[in-house]
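See below for the structure under consideration.
As written, the chains take the letters A, B and C, and residue 1 is the first residue of each chain.
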Amino acid sequence: MTSAPDAQIDATGRLRHLLTLDGLPRATLEALLDRAQAMADAGEVNARLAGIAVCTLFFEPSTRTRLSFQRATQRLGANVLGFDASTSSTTKGETALDTFRNIEAMGVRGFVVRHSDDGAVAALASAAAPDTALINAGDGRSAHPTQGLLDMLTLRQAKGTDFSGLKVVIVGDVRHSRVARSDLHALRTLGAGEIRVCGPASLLPDAALLSGCTVSHDLDAALEGVDAVMMLRLQRERMAEGLVDSLEDYHRDYGLDARRLRRAAGDAVVLHPGPMNRGVEIDDDVADGPQSLILRQVANGVAARMAVLETLLG
Amino acid sequence: MTSAPDAQIDATGRLRHLLTLDGLPRATLEALLDRAQAMADAGEVNARLAGIAVCTLFFEPSTRTRLSFQRATQRLGANVLGFDASTSSTTKGETALDTFRNIEAMGVRGFVVRHSDDGAVAALASAAAPDTALINAGDGRSAHPTQGLLDMLTLRQAKGTDFSGLKVVIVGDVRHSRVARSDLHALRTLGAGEIRVCGPASLLPDAALLSGCTVSHDLDAALEGVDAVMMLRLQRERMAEGLVDSLEDYHRDYGLDARRLRRAAGDAVVLHPGPMNRGVEIDDDVADGPQSLILRQVANGVAARMAVLETLLG
Amino acid sequence: MTSAPDAQIDATGRLRHLLTLDGLPRATLEALLDRAQAMADAGEVNARLAGIAVCTLFFEPSTRTRLSFQRATQRLGANVLGFDASTSSTTKGETALDTFRNIEAMGVRGFVVRHSDDGAVAALASAAAPDTALINAGDGRSAHPTQGLLDMLTLRQAKGTDFSGLKVVIVGDVRHSRVARSDLHALRTLGAGEIRVCGPASLLPDAALLSGCTVSHDLDAALEGVDAVMMLRLQRERMAEGLVDSLEDYHRDYGLDARRLRRAAGDAVVLHPGPMNRGVEIDDDVADGPQSLILRQVANGVAARMAVLETLLG
């Protein structure tokens, strides 16, 4: 089962859950981005969700994403309940669905869910009560929609809201990346001028996912003239799986350093979802350089998540 | 040491701690239930405990009970401090009493304590300062009084406040269950018409605990005409201990399914403290069926815990 | 790298971070203590830091220190975000600096940091944005400044603010203790009349650290006539390292019991930073006796941390 686009929008067109950016109407996507920008500009706390409880229900650990949602929830005046199923000994063999239903029965209205299985968050959403909202914080390789949102917000701030002239390259392990999928969906919906995808053949997905993209295995060529470089994290276990020969080889062929970045447009920006493997997919001179928007992405993450929480629960 | 009933009520008759339902005066028990019902009806947040801190001090892990208390505390406007002694490496050999006294010295006024030893919570309560209140969230096999409260609240909502005509059966591992003990204490105090207890001989307690109960090893017979079925969770380690032959055998003899449930009264209700072992002590057709109040129990848990926190700390 | 005193005070003399008590001007130290005393007297919550987020960033676990800072943060109306790097699987090889910068980018303004490396907190502070404040919650053996503050606050309450006539002995594993270092720095700055240090030679530091102190290996002699005894915790791993022969020997030579304490002044007070090894460095008759200020220290810890948080972030 994969995230079903139509499961997140109700009959009246209202966004009930945020499960994926795949198929999300452009107007809905742009409204979320506008709201996120307003949150980023305001940079303050409010009490719009006072009295509401949001549970971070993580079946796969991710401290950074959890903290970002937690801060977003706090800034809206709501209460956070944390459930880390990956370390909890108390699920005691209970199904994810029973765990979810239980916490929902406690009066929790918002759920931020991460799960290692594709479609797991959509499956929980299909069982949710009418006033319960789920946000997919990453399911398998399928989707990480708030990462896609914060990436688009970051691109907009740097390059303007009209993406029609924008040349973007996504570099690295696209095959296993939910971040790449959500970025691809959003870039297409927002009408990005050119989307390039670059990585070793072993880390690129089936052609269906790359429809409309220019595919390359040569990073130098792929960087030529782009306005934005979206780097992906290399999971070190890819080496054990034989998909990457060595970290050194990967760095030589697909690592981004300042020298290589000169092939891109002079005002090109660099994004990375973190955590970074410095010296593997990205070098310090880029990560900490003037074209890096990596910490701006993190700041935008809180604003984007506030916009989603407010839209779904407000 | 076991939970001493008189340790929780002071000389003026005021409830200082909630350690057990054993010996709790009927008026006190009913006042808690009335207050819990009011909390359930209101279904909202307030600030009655604003500025107060409540620590969930768990020497034995239980995410669900902890979350329920956490939500109850948040809904009363108090702050939560979490201490998970089962994963904390910082107790560093410190005694439970020193840990408790330390957190108490930080100005924390409420403690929700779970411990694997019978009487451990009462022992801490006997060392507490005059304005510190302890709530037993489960100690050994002795007591789980807020579970007893939420179960009674659930029965009241379904069957009315007069229990004199009520026929109840408690099914499963009564011997090791603090839930069963608290339910038995409350049902007796509230004057339940008939209390049946059903399970394999290896999982039933000494006769003293069952005074006034009808004991049976035959579930079909025990279900005959009852108004409420209170299922208990089977701990899987009972098999290793030789108390249960196999999960299949247990399911065949003591598992509740829809067919069996037809022996009960037509409007009989089913309770389970969770987490459920689906296919062992309970089948999906009952757990998710129209007679199940299992998620209602969870919702009532927050209301019951709010009532206790407000009564002790308000 | 060690904590650089001048890194915590800006060009205008304002305290930006609290990294160490080493070199902290007496006026600054006394202002913090006065403010902490006011916090202890008020004993209530306020909203001076409402809307601000404080992250407890622990690269080394310490539940008690974390809870104390958490309560202090709550009492000032700020939000707490917890990051336990020792159990987090999500740092995924990320550097401490990247982790810090990431959480900072989420809009978090205060950081309470514990790390096993000397100088690690100062290193992060040197990378902080202008309005970000760091509090050292213990780095290696270097410093634990809020423990030093709460110890001085406790001594002041017992003995008055003029330390010129005060005779203090610090007993135990001074070599490995950041608590001892922060206490020594503060006692010297506040002009303590006489500072004695007592422990086995294997657990005493280089002479440079003990400048101005009277050093002794004989506890009975060191206790003679002192006004305050500051006990240190014995790390049990010192035995494995061959620095201590056995816990029994250590107890015989350096354990404090009521009999030994009679050598001190009649109104001498006893402090211990906790958690205590009862029966090793301290006996029950002292720990729970009338001269013990150990729980008072814990209470003062919240007040001292409130004073620091308010001073840095208010």
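Please note the rule applied: a residue touches a chain if its C-beta (ideal position, glycine included) is under 8 Å from a C-beta of that chain, and two chains touch if they have at least 3 such contacts.
Predicted, not measured: the structure shown is a model, and the values here were computed from it.
**Student:** Quick one: which chains contact chain A and chain B both?
**Tutor:** Both chain A and chain B are touched by C, going by the contact rule given at the top.
**Student:** Could the interface between the copies chain A and chain C be described as same, meaning over half of its residue numbers are common to both, or is it different?
**Tutor:** Different, since under half the interface numbering is common to both chains.
**Student:** Fitting the CA atoms of chain B to chain C, what rotation angle results, rounded to the nearest 5 degrees?
**Tutor:** Angle of the fitting rotation, chain B to chain C: 120 degrees.
**Student:** Taking each chain's centre as the mean of its CA atoms, how far is chain A from chain C in angstrom?
**Tutor:** 41
**Student:** By residue number and range, which residues of chain A touch two or more other chains?
**Tutor:** Correct list: 87.
**Student:** What does chain B use to touch chain C in their complex?
**Tutor:** 50-51, 53, 55, 79, 81, 83, 87-95, 98-99, 101-103, 105-108
**Student:** So in the complex, the part of chain C that touches chain B is made up of which residues?
**Tutor:** 43-45, 61-64, 67-68, 70-71, 74-75, 86-87, 236, 274-278, 295-296, 298-299, 301-302
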